[in-house]
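Chain naming follows the written order as A, B, C and D, and within any one chain the residues start at number 1.
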Amino acid sequence: MTSQSRTERFVRKLARGTSRRSILSRIGLGLVSAPVFPLLPVERAHAAKDRSVQAKTSFARHAQTTDDTKCDYWRYCAIDGSLCTCCGGGIHTCPPGTEASPTSWVGTCINPDDGKAYLIAYRDCCGTADCGQCYCDNTDRGNQVYRPQENNDIIWCFGASSMEYHCSTAVMVGAAE
Amino acid sequence: MKKAKCLAIVLSLFSAAPAWAGGSASPAPVPEVEESDVAVLPPAGAHWMFAYFSFRNLAQLIDGDTGKQLGGVHIAQLSNIAFSPDKKHIYVAETIWSKGNRGTRQDMITVYDGRTLKLDHEIPLPGRLLAGDRLNTFSISADGRYAYVYDMAPASSVIVVDLEKRKVLPPVEIPGCALAFAAGNTGVVSVCGDGSLAVISHAGGKAEVTQTAPFFDAGEDPVYDNSVFDAKSGKGYLLSYSGRVYEVTAGSGSGAQIAQPWSLQEGAHMPRAETKPLVVNWLPGGQQPVAYDAATGRLYVLMHKGEFWSYKEAGEELWEVDVATHKVLRRAALDKPAMSVAVSQDKEPLLFLAEPGGAIHIWDAATLSEKASAASMGPSHFVVAP
Amino acid sequence: MTSQSRTERFVRKLARGTSRRSILSRIGLGLVSAPVFPLLPVERAHAAKDRSVQAKTSFARHAQTTDDTKCDYWRYCAIDGSLCTCCGGGIHTCPPGTEASPTSWVGTCINPDDGKAYLIAYRDCCGTADCGQCYCDNTDRGNQVYRPQENNDIIWCFGASSMEYHCSTAVMVGAAE
Amino acid sequence: MKKAKCLAIVLSLFSAAPAWAGGSASPAPVPEVEESDVAVLPPAGAHWMFAYFSFRNLAQLIDGDTGKQLGGVHIAQLSNIAFSPDKKHIYVAETIWSKGNRGTRQDMITVYDGRTLKLDHEIPLPGRLLAGDRLNTFSISADGRYAYVYDMAPASSVIVVDLEKRKVLPPVEIPGCALAFAAGNTGVVSVCGDGSLAVISHAGGKAEVTQTAPFFDAGEDPVYDNSVFDAKSGKGYLLSYSGRVYEVTAGSGSGAQIAQPWSLQEGAHMPRAETKPLVVNWLPGGQQPVAYDAATGRLYVLMHKGEFWSYKEAGEELWEVDVATHKVLRRAALDKPAMSVAVSQDKEPLLFLAEPGGAIHIWDAATLSEKASAASMGPSHFVVAP
């Protein structure tokens, strides 16, 4: 395993790079139009580059690609919460009456159909109470709050007009080259 | 699924023949980048309904044909919810404190758009009753112009809200009475503690209250708050603990007409149930024990075997009753006891049945067979699309 | 059974007697010192006077007098909610941090030790979230909201400084003569 | 109990020999009239603890000796709770919107009296992180003078609150770091995304931040946010996913000392666990996976058999570890998997273990045998009396 992959450096840079005088640190949570973590990470994940079959996690070995309303759907390798696909939304669509948070945490998941790794942004839909359907808590490469963008326990509604958590989507960002 | 873990000590032999390669003949191409978006509802279907529980914060909008959740609306604890008759809006009557359990009390009707489920506006209220599991403390006039909110603070009143002008009219006090069943376009029926009804008519701008004579024994055989009333026809059915049915007609002019009561048990060729103790009868029960299909004139009642005062007991059977003949047409045994029943208001009606644990069963009313199922967050109530 | 007992008349009188011009109807809910339903019903219940053994409900036949943390304790014949005896309070004592509502609903319960009927005031303790312990929903002579003082679904925190329900006590008011 | 209904069709034969006359030899006299009152707590016991779940609104105060609930404190969702070191106050760090899911955001420390559990006052905060299941985003200095609140908005900072003056000091920014473990009277330890610590010292009024060198691999083997730190001794134990233990000493002067890490598995005569996939090891896991008895120097760790990245998995065994010798002294199998563990801080320590469903088991730490049990409202966390 690479212990200092580009993903990790990217996340760390992001976290540490928010200088104390940065305008970003002054932005209130009500400001929808100014996401403070980037909408889509511009650097691609690298951690999974050298993941051979042997390197697969238990989740990846048992994942499927046909039913995105089940916890073992491949993109959900690090999701935590209710699946928006069970709540009136879709894999990248928030249910009616909610708002897609401009901020998200990320996971690197392997698509069993091609064996390749993809970067997934878990974007919370915010504004109304927990959907309560299809609760999943997958933990592949899940980290703690000091690595926020890899942590799925944080309420990722920063930048949305409400911090009330409803459900989580799994948005394809691109291949983890 | 995710908890099913393989606990073989070492899995390194896995390397050959990956499991994921088996199923998929032509793997779908994986899209490169996706945009986040937000769903908008199609026009409301006749089989849509809200399922909600008084002590949870989400009213789930469910499509009865599939059991799928289409979206959700935030509700404070102890809220009411209603569709506008044209289904273009969702109304939530709710009470929120500024600091959760403390702070400033805020009563309001919160109005959501029926397609986007976005909050449109709030209409502040002077108050409302806080009680668990009550459906008829809030209703909408047949034409959708007015909302009626029952308040007990502790003096009893009905708050009439002009939804078009977003304005609260002066409360109509109904001492000794409660509830607010909309009847017609400008009528409201309340039930009184002496076994009578108070009927409000606010046609012409000024509210007048007419009181009927007492007609049921409110102490010994009360009628359910969660009885049924159809605002359009002005016809309702008050169901008593013992299974007496009182047909009420109101909404055109002042007052109300009450027909001679009849007995559910007699409709099923049994002696009518009495209120005396130590006798087991088939009795209605549950939280939302009765539903009314206005088109077919059928009542659907959750029934259980029990002694009197078991009026909250979940139903073991569902009885289908013809209000014209007073006959029980069919009795369906329930696999699991049900706390709530509702019926959609269309030509191919669906029945909704809620278990105490939150499981929802959706039946075809024609065949009384299960068509779909859903999951809710407790012993839920149903509000069906108009 | 008497269909027009004094209890019932009392309750109805109470409910209807709140005239539209009464000062009571103007009292806000924040006013702790002015209970609008009486603290203790001054007229005693009468409904149970002629309750013979045969007239007992299922609850009364199975009730016990030794453990007030169980739903079948005799005083709980019409209680609905969490028992304060399981929440840090007692049979007539609210748990720390809560407030005894000056208002209550009432029940008439039979004490199996003497076979007599007693009037019980179910006084809610208010101010913090539902205790969640020892949930009971007994329904002897339970009525609907148009007979409010016999209804156990109403949040009986009128007159307390918070309407947040925590648990319910069962206060002895006296013999139902 | 109440649902057990006798369904014999007619019970009128019941008249003779009433069941209730059997048990009671000398019936207690029934008191005539009672007054309502409100309980006050005795001085806090060493075996008291709060059990709470991030998504429920009551923190239950439980006496570990009996499992009995002594009272409750209202908490908003995603709150933290703490005792003052003298146990005279309860602090809740919480975030409340003025309309539930909308309106104005209000962050505060709500201060309750430790004997009456009455709200004493609120100290408004400029913000705090909202995250599920986090214990160390809030802490109290050893002497009880200061509270530390971790905020991420999304810039990282620690909010220092003077509890005596009820005043918030200027936030201390800790870019790239998180959490707020109190260390001593004026120190705070945070963990950083590069595997280092940031150590705040605010002695003398001005906050200074010292950064240690990176010492753990935050990408490949993170340490749990819910690791343990004893503010009085300034000693803490950061536990990694793989079971490495990092002893940290801080709070006297600036910076922190980090000892050579050691392995839980090696302490149990096994090879140390590695992070590579396809291997099953005994690993720590759960929501609150480790507890620390500062007097005996024992760690209690929830352990399960699993592959790496199973760090949220509930424990199958509880391991007792001596931090001086790094030896696993005892391994106790759990009848039911546990998500959380805590230990009381007294001479006769109790262990608290929470099942995912809310059941709480209370063990005598000396014998690892169950002493009492309790019921909570979900996968709860514990905060024990200081």
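A few comments on the model shown:
As a working rule, contacts are C-beta pairs under 8 Å (C-beta built on N, C-alpha and C of every residue); 3 or more make two chains touch, one makes a residue touch a chain.
The model shown is predicted, which means the values in this text are computed figures rather than measured ones.
Put simply, the chain farthest from chain D by mean CA position is B.
Between chain B and chain C, the centres computed from C-alpha atoms are 27 Å apart.
Taking the mean of the C-alpha atoms as each chain's centre, chain A and chain B sit 37 Å apart. If each chain is reduced to the centroid of its CA atoms, chain A and chain C end up 51 Å from each other. Each of residues 5, 12, 14, 57, 74, 100-102, 119, 278, 307, 310 in chain D touches at least two other chains. Under the contact definition stated at the top, the residues of chain C that touch 2 or more other chains are 54, 56, 58-59, 127-130, 137, 164.
You'll find the chains touch as A-B, A-D, B-C, B-D, C-D. Every residue of chain D that touches chain B in the complex is listed here, in rising order: 5, 7-12, 14, 57, 74, 76, 96, 98-103, 106, 119, 278-280, 305-307, 310, 313. Touching chain A in their complex are the following residues of chain D: 55, 78, 95, 97, 100-102, 105, 129-134, 137, 150, 152-156, 173, 175-179, 190-194, 217-220, 222-225, 275-278, 307-312.
Partner chain B is touched in their complex by these residues of chain C: 1, 3-5, 8, 11-12, 15-20, 22, 24-25, 28-29, 36-37, 47, 54-59, 103, 127-130, 137, 139-148, 151, 153-155, 158, 161-164. Within the complex formed with chain D, the residues of chain C that make contact are 40, 53-54, 56, 58-66, 70-72, 86-100, 111-116, 118, 123, 125, 127-133, 136-138, 164, 166, 169, 171-175.
Those residues of chain B that touch chain A in the shared complex are 1-2, 4-6, 12, 14-15, 18-21, 23-24, 27-28, 30-41, 56-58, 60-61, 68-75, 112, 115-119, 375, 377.
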